Structure formats: C-alpha cells, structure tokens
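Dumping the structure here so I can ask a few things about it.
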Amino acid sequence: MVDLSVDIAGLTLKNPIMPASGTFSEELAEVFDIECLGAHVTKTITRGLRDGNPTPRVCEVGSSMLNSIGIPSKGVSAFLDKVVPFYRAYETPLVVSISGNTADEFARLCSEVTVEGVAAIEVNISCPNIEEDGKAFAIRPSSTYDVMRKLRAATHLPLWAKLTPNTGETPEVARAAQEGGADALVVANTLLAMAIDIRTRRPKLGNLMGGLSGPSLKPIALRMAYQCAKSTTIPVIGCGGISTAEDVIEFLIAGATAVQVGTATFINPTAMVTVIAELERYLEREKLSSVRDLIGTLIDEEQKEGVVFMEAAP
Amino acid sequence: MTSVLTRPASAAGGRAQPVVFERGLAVLSNDPVNGEYMRLVLAAPREMLDLCRAGQFFNLLCPALGGETPYLRRPMSIYGFYPERGELHFLYKVAGAGTRALAQLREGDALNVMGPLGQGFRIDDDWQRLVLVARGVGLATLAPLALEANRLGRHLTAICSARHPDLLMSIDYFRELGAEIIPVTDAEGTSSLEHLEQVIEERVAGPGIDAFYTCGSNRLLTLLQRIGKRHGIPGEIALEQQMACGLGMCHCCVRPFRKGDKTVQLRVCREGPVFDIQEAMPW
Amino acid sequence: MVDLSVDIAGLTLKNPIMPASGTFSEELAEVFDIECLGAHVTKTITRGLRDGNPTPRVCEVGSSMLNSIGIPSKGVSAFLDKVVPFYRAYETPLVVSISGNTADEFARLCSEVTVEGVAAIEVNISCPNIEEDGKAFAIRPSSTYDVMRKLRAATHLPLWAKLTPNTGETPEVARAAQEGGADALVVANTLLAMAIDIRTRRPKLGNLMGGLSGPSLKPIALRMAYQCAKSTTIPVIGCGGISTAEDVIEFLIAGATAVQVGTATFINPTAMVTVIAELERYLEREKLSSVRDLIGTLIDEEQKEGVVFMEAAP
Amino acid sequence: MTSVLTRPASAAGGRAQPVVFERGLAVLSNDPVNGEYMRLVLAAPREMLDLCRAGQFFNLLCPALGGETPYLRRPMSIYGFYPERGELHFLYKVAGAGTRALAQLREGDALNVMGPLGQGFRIDDDWQRLVLVARGVGLATLAPLALEANRLGRHLTAICSARHPDLLMSIDYFRELGAEIIPVTDAEGTSSLEHLEQVIEERVAGPGIDAFYTCGSNRLLTLLQRIGKRHGIPGEIALEQQMACGLGMCHCCVRPFRKGDKTVQLRVCREGPVFDIQEAMPW
C-alpha cells in the first residue's frame, strides 16, 4: 500500500488531487463519489450578488479553452446556507474560494466564510483590484502583500493564495504572498487570451477576452509552480492543464505538494478518479512508499545559476 | 460510473448519488438522413436508457477523426431511447469540427458519452392535446416527446417547418407514433409566421390546445408566447447555449429568464435545456 | 488582383507575411525562393561572441514547443560581413534583430547595424537587462522606455520593438515603447515555460526553462496584439502560433498590420508560401481589394468597457 | 519545391537556389525487420533521389496516427536510396510518439518528408580500404555507405555489433554489396571494447585500413579516435542531436567540436550529421 497523503500547512489531504475552483460543484457528485478526492474546492464567490459576464462565455482554442465566466455569485449568505451544508456530508476537507475587488471587502468576506465545515480558504487574488488600476492583486508583489495582510488578519483558517500567470514577477509575488501571510500557494489561475471568429469578425467570447486553461497552459503553470517552490517555503499546489497522472508527477517533481485539476474534468468528468488510481499504480511500479517522496525531486543542480528569477525566455 | 434511478436534490443534507453515466458506447450505425443530417445509433445499457427522458441531452466526446481535433464535449439532444432494444439515438447536423468528426464514426467504433443530462419536457396530467412546432434539427429534440405522448395516450399535433419538403425529417416517425402532421415549408410559402399563427389559432378555436412545445427559434418563441398569453395556454421550449461541463459546474451556458419582474440567469445544461415558454426571453 | 501590400512605418512590404527572428536564415532559401516574403528577419545577434545555452535546446509540449537556444552569436562584424551581403541579392527588405544586456551595449549595436542593405531594426527587448534585476527590458514600462530612448538615438532606421508576453502590463509597455521611439511593435516573443522528463526527473531543456512557441501561444499573442493596437498608434506586427491563413486573418482583424511566422516553418518549411497564397484567395473570395481592409476590423463596440487594460482573467 | 543538383554556397553574392524537397511521398511498405526495427519504403521522385548521399538524412513529419500527436519533425538517416527503382528507405527503431506513429503507416498512406539534408560521408579517392563499425540502429546510417563503396569499387569491412545475434541487421545487405562482415555480439561476449580493439588492430597490421566510419556511440568514438591517432587513419562519425528545423535555422542541434585548440559549436543538421572523427568530442 502506498501512502498518497500530503500535508498542506497542517491540513492533511488523503491524496494530492483536488478540483480547481470554478470547475467543480455539487453536481459532480452525480457522476462519481466525490469523497475520493483530496479536497473539495468551491467556485469563487464574492460578498454580493453578481451576474457574471455576457455569453458566449467559453470557446475552444486548439486543444484548450478560453473562458470568461466572470464570477457570478449568489452572495455569501446563500453560499453559507446552501453550499457549505452540502459538503458537511463528506469527510473530505472543504476549501472555499473567495474574491473581492477591494482589499477590505475581500477581508470581510474572508472572515464571514470562517465557519465550521470550512477547512481552508483559497483567496483568488487573480481578480482585479479596483482601488488601483484594475490590475489583479497578484500581478504585483506590493498589492499582493497588502491584500494578504488584510486577509491574514481576517481569519485563523489556512489561507491559500491563488496566483495569476499574467505577471512577469512570479517569484517576487510568491514571496510577497508568503510574507503577507499565505499558508500555501495555488499556482496558477488562467492566462489572459483571446480568440476571434473570422467569419463574423467578432470576439469568440462575449467579454472580448478570457482566460486560457487546459493543456496549453501546462508548461507555463509548471514553470510557475517550480519558481514558487524555489522562492518560498510554503507548500505549492500546482494547477494548469493537468489531465493525466504523468502531468501530476511532473508538477510534484517540480516541487508542488498537491495539484488541482480543472478543465480536464469538463472533457472527462472522472479524470480525477483516474488520475488518483494511476498515480497510485505509478508509485507502486516505482517502488515509492509515499507520494511525498516525489515532491521537489527535480535534478536541477546542473542549472544552479538557472533562471529561477529570470522572466525572459531566449 | 454507477447509477440510481432518481436525480437527487443537491442541497439536501445527505450525500449525492451518482446518476450520470460517462461511458464508451459502441456505434451501431451512423447514416445520413438527408443531405444535411445524420442519425447516430449507439448500443446503450438498459440502466442508462431507463434514466433518459424526452428533452434531455448527452454531452458527446467527439473523436479525433478525419483530421479534426474537437476538444470540448458537444451537447446533443436525445433523439430516441429504446430500453427494450438497448439503443440510444442522436440526430445531428454537420456544423463544425465536432460534428464533422462524429460523421466519421463507423459501426463498431466507440463513442464516449456523458448523460443523460438536464431537465426533460413536462407533460401534466391534464395536458391532453399537445402541439409541437419545430424547425430543422429542432425536430431531433422534440421527437422523443412524440414517443412519450404516445406512451401516455395524449394527442399530438406536430407542425414541422423546413426550407424545403425534402428537408422535412421525422415526419414518418411522428406519423408512426400517431401524431397528426402539419408540414410547412419556405419553398411552398407555408412557413411564414402569419400562416403559422393562422394555423394554430384555428386549432385553438377548434379541437383546442392544452400545451405547446418548441425549441431553438426566436421567431417561434415569440409567436407561441403571444398565442399562449392570449389564450392562457402553457408551453415549454428547449434552448441551446455553448456548453463546457454539461453538468452545471462551469456556468458558461446561462441564458436570461423572466421570473416575475426579475431577470435571472439560468444554466441551460442544468435548469434546462427545457424551460417554461413564458419565462424564456427572445434573443 | 488583390493588393497584399502593407506599410510599416514608411516601409512598404509586398505582403504582410514575414518570418519570426530565430526561425529563419539563409538556409531556407534552399527550400523555396524567399523573395516571395514580405520581409526577411534575421536571428537576434549580440555585439560579442556568445555560445548560447546548453543542449537539449528544444522539446515538444503537446502541439507546441519549448526552446532555450539562447542567443548564440558570431558577433556584429561576422554578421555584417557574411549575413547582410547574402540578403542584398533580394529586393525584399531586410530586418535585422539585435539585443544587448545593457542599454548602452544595445544602442551601440543598433548604430553598428545601421548600414546599407538594412531596412529596419527589430530590437529584441525581451532579453534580460543585467543592469537591473535581470528581468527583460520589456517586462516593465519604465525599462522599456529607457532602453527605447537610447536605441532611438542610435539609428535613423525604423525601429521595431519586440515585446515579451512575460508581463502583466502589455498596454503600458506598448505605450512606453512608442513614447520611447518605437516605429512598430512586434507582438510577441516566447512565453517562459518548462517541461520535465518524469523518467529521468530532469528538465527537458538543458537550460531548465525555455520559451513556449507554436499553436499554444496563439490566443495569448492575439490578445497582446489586440491590446497593443488599441493602446498605441504605431503598427503592430503579430507573432505567436501563426501557422495558417486563418491565423493571419485573426491577427489582422485584431489590429495587426503584418505578422511573423515562426515555429510553423519548422513543421512545414513552406508554411509562409502557403499562407501568402491562401490569404490572397481568401481576400478574393471575400471580395476585398486590399489586405489593408481587414486590419483592425474587429467588431468590439459592444465590449466598450472591455478589458483592454484588464490583465486579470475570470 | 523545385530543385537543382548542387547545394549552393549560402554566403555567395548570388541568390540561393532551392535544393531541399518538402513533399508527401507514398508508402510502399512499412514492415518489421526484427523485434525492434521497422523498414519504411517510400516511392520517391528521381530528382529527389539523385540528390541523396550516404550519411544524409530526412526530417519526417510523423502523422497523427494511433492516438499519437507528434509535433516536431523527426530526423531519420537515409537507409537506402535507389534512383533506378524510385525508392527511398528508412530503418527505424520504435522509440516514442513519433516513431510509434510512423509504425502505423500502411501501404498507400502518404508521409511528408523534407530532405535530403546535411553533409554525407566523404570517401576520398585514395581511401581504398574502408572499415565501418556500428551498433544497433546506427547501421541504418552506415548502410548506404556500403552501397556507395560498392559503386566506387572500394573494399569495405563492416564490424556489426549488437546485443544478440538476432538483432544483427543489415548483414545480408552488406554482404550482397560485397562487404566483408565481422559480427560481434554481447551475447557471445565478442562486442567488448578490448576485443574490438584487437580485431581492428589486426586489420591495421594486416590488409591495412584507409578510413573509419562509425556513428552514435561514445565508446566506439573514443576507441576509433585512439586507434586513428595511433596510426594516422582518418575517419568520420555520424552524430545525433535533438532537432527542430533540420535546415540550420534554429541552432538547437549543436554539439561541441575541437578545431585546433578551440571548441566550436556546430549544427548537426547542417555542418553534420557526419563529422571528422578526431574533431568530435566524447559526451
């Protein structure tokens, strides 16, 4: 028997596989028993009601997708009344994803979701900070640090900071998140992208632009997960284009302690179930007794000077 | 995975039970129906077919065939489900990458499907005289309603609209199930809204209509909303929207609906694809 | 006859298709007559000799690739002696790509390549600025502006600034490049990414990380090209994942005046020839007399508030 | 595209002429040679085959078949080229996605190839007694050298090394072309470096050796460098490196070489794949 459990800042997960926010909900329990997952991660909510973006909200690009769902939200009280109780029936830890357009509103929501039944709070700091220039908090180290400080003060629960790939300063942002009080980093959210229907000459998304997710994102998210693991001392949860056990292993070797599976679930609703089973078989084949023996085992000494802090390709 | 027979209430205290299948099914046939449509027949297990309802859909994982590489699943209405014969039917129009790939499937190939999904049509006990109005591939969605009406012993009139008489599909199918057919076509000049309204008003005045069913078309929606309001006749409409998950997780498939004096966004894959005709909003 | 010609800051190109730096060289003339291209763009050179990065320098990721070639360079005099004369045999304008690790070295090279036979200089400001923190010049507006000012003073030739996708501030960087003196923008270079061989637990690239190019990059580069066209008044040259005429049309509709084809040439060495022919056929079919009628025709009024300056997806 | 017969000097004042083909060729056969190798035979036009030289390679656009989606082209040495019969042969080992896809090709399928590429083997006029030493799939690269030697009327000795006698390929082929064969295998304990050195030294002392040819293996390289230096015998080695463009544009395929007291980086696809054996550096 191999040990699949991992520890994220004091929270033990029975395995390192969990869904990515926005690609999972109660409905997936109609396809398989979601108790098998390492954690349950809910769609980001905001304090107030929000409609989300105009349709079409998704489109296909190559073997990946763009989305501009926005964050439709029924508000915090509907969430506490309906969603949190659903997950109480499971032993799997519940991770609640939240967001806000100002640091104070964000922090207030953070304290409001600090309730029984919630095991950790994922703070989606990839959303626009409307008090500054509308850039996401996690684009710059300074705004990351500031918002994390306020969030830290608002809860005693573990805080997972979800970073954005739309930055040239991943290691600096990761360090700022840790210094601001993050207990773990989720790396990463979707990458801003666009697609045009050449017949209609209209954007394929109602919102003009949207976030790229799926296989195309994988090498970028993997690079970021590696950078974050190298530049901080808190656990990194990899996310981006993961759809097979090999993808998971790549992220673990790069230094991630756990991973989130997003778009792959849309293509194959039981993707996470398959990945858990195959990860277990892989460890058995490799004669590793614990999945933790994989984490951060990348052989990278030869590239010591490396490019950990270099944001420029060629 | 596994299945139970009823769709659980998600919010209730207990754990949800798996009721949606994700499975590879064998292709029994995949043939053109006329110049524009194909019918795909899959061998499906009884327990999956027993869960199917008219108006529901499946999300199909279109194969990488013929140089196409569709990525997201494609939603397709159930065209027919036959628990006795173990068959699941789809009727589709070849539109883009996904349906072009579907069209390459040959007998014996496997196709991964997920479903049944969404809410099917409602047929209340006192809805005896049903009228469906549909055009083109919309007939695919409404076809199993005829089967259901037949099973329940209701009277069904199918007003089938098409560009040309050659493109009128499912007519024989509807007729076999005892439905009365009113074909209308652009070519014959019988498919205009004015003519349709006249035909329907005559039935309202004559035998009477207890409920309307339609799908997809904005023009038919507004027409039936108007007639329905005028005479207090209820109705339902099956709608389409771009989908990703098909399950209700991603919120990409929303459309606006009128609930009293509010507009709410509902998920076509979850609260739909069938909606109250008066709540649907023209687009 | 449709008119394929476009104007890039006073330089007329017979068609909007040209190669991307580093994916083209004299050798391609052995496959087809390169006189058919809109311009010739050479591999980036530096002033001095450089070896480039350790091997392996490329790997495949999904239907795209990573590279960490580095910038092996024989130096400016070898370039002027051997490469520039080769292209004098062609009427197609020659665009020379240069780079430097300090603004002064960069500017000096800029003036050294200002010679007869060179029609424009592409300045690859996606390379690390070693005087600051090693981040590429084009990651921040301020370093972009500073280096562009020095480059502008060093030549009278048209300056094309090549931007990096490794930033959260594309519109600001684009404006800084224009203010600093760029005559056109090339959008964009490769995106920093990584891949790991799970069998050997080593990075697939000798340099640990490398740049993502090919189809996966397209929706990101397209978004950037659109942002740049909206936020500046100079021509934008789209680059990233372009391999078909449809891709080109997407970029032109988004606001690009011309495009560069990179990785596609590796897969299909005659990709540019095919694209030119198909673009012509498309214009004929659409009854457009000039390719210029496509540029910037995206119907985007409905998204007025848009997200032109929003760097945060969902 | 089109072609001329000689490779132009790139740097010269005039314009370069197209000499590299990129073309879809029909598969004539694609069969296993033994448990590990496959031979692919393509129908190729005369003007392409006339340009081929022993030691050159093609860059193959492996198809998306069998669920594989190789992206970059894959370099493959010319195993045989027969202008008279219009055939181009490759011998390959199924390794990863690209060669797994190649292995799915069937008679009549098309395969897009680009080439011939790179510099082939040199056979100087006074090199009468040639010795090639190769192992495994390296024999693919050296096979056409036997053909060339035969055409030029040179004496060729082929020392063929393998894990097991079953895996010794191309032996019949070499023999047909009048080459003398010395098979050595791990299974028989005859493939050790010591034994090889002894075998080669005997030939140097006996009939004499004018030039060595080898490929790919570090061990064979250092052995032949040593023997070559000792006796002043020139030689060539065909090397491999990851490639993208195959033409010389991307600089990803470099390896270090000794030129005098300097180390230079040369492109395997362009300055190679065949290099002077003394300039090659063990890795």
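Just a few scattered comments:
Letters A, B, C and D name the chains as they come in the text, with residue numbers starting at 1 for each one.
Following the convention adopted for this analysis, a residue touches a chain if its C-beta (ideal position, glycine included) is under 8 Å from a C-beta of that chain, and two chains touch if they have at least 3 such contacts.
The model shown is predicted, which means the values in this text are computed figures rather than measured ones.
For the pair subunit C and subunit D, there is no chain touching both partners.
In this assembly, the chain whose C-alpha centre lies farthest from subunit B is D.
Here the CA centre of subunit A is 36 Å from the CA centre of subunit B.
The distance from the centre of subunit B to the centre of subunit D, each centre being the mean of the chain's C-alpha atoms, comes to 61 Å.
Between subunit A and subunit C, the centres computed from C-alpha atoms are 32 Å apart. Each chain gets a centre from the mean of its Cα atoms; for subunit B and subunit C, those two points are 48 Å apart.
Shared interface positions of subunit D, i.e. residues touching 2 or more other chains, are not present.
Those residues of subunit A in touch with two or more other chains are numbered 22, 62-64, 67, 69. The touching residues of subunit A, counted against subunit B in their complex, run 22-35, 43, 51-52, 55-60, 62-65, 67, 69, 72, 82, 85-86, 88-90, 214, 263, 265-270. Against subunit A, in their complex, subunit C makes its touches with residues 22, 44, 54, 61-64, 66-71, 126-128, 133-136, 139-140, 164, 166-169, 189-196, 198, 200-203, 206-212, 215-216, 218-220, 222-223, 226, 246, 249-250, 253-254, 297-300, 302-303, 306-314.
Listing the residues of subunit B that touch subunit A in their complex gives 1, 7-8, 10-20, 22, 61, 69-73, 97, 112, 114, 241-255, 265, 270.
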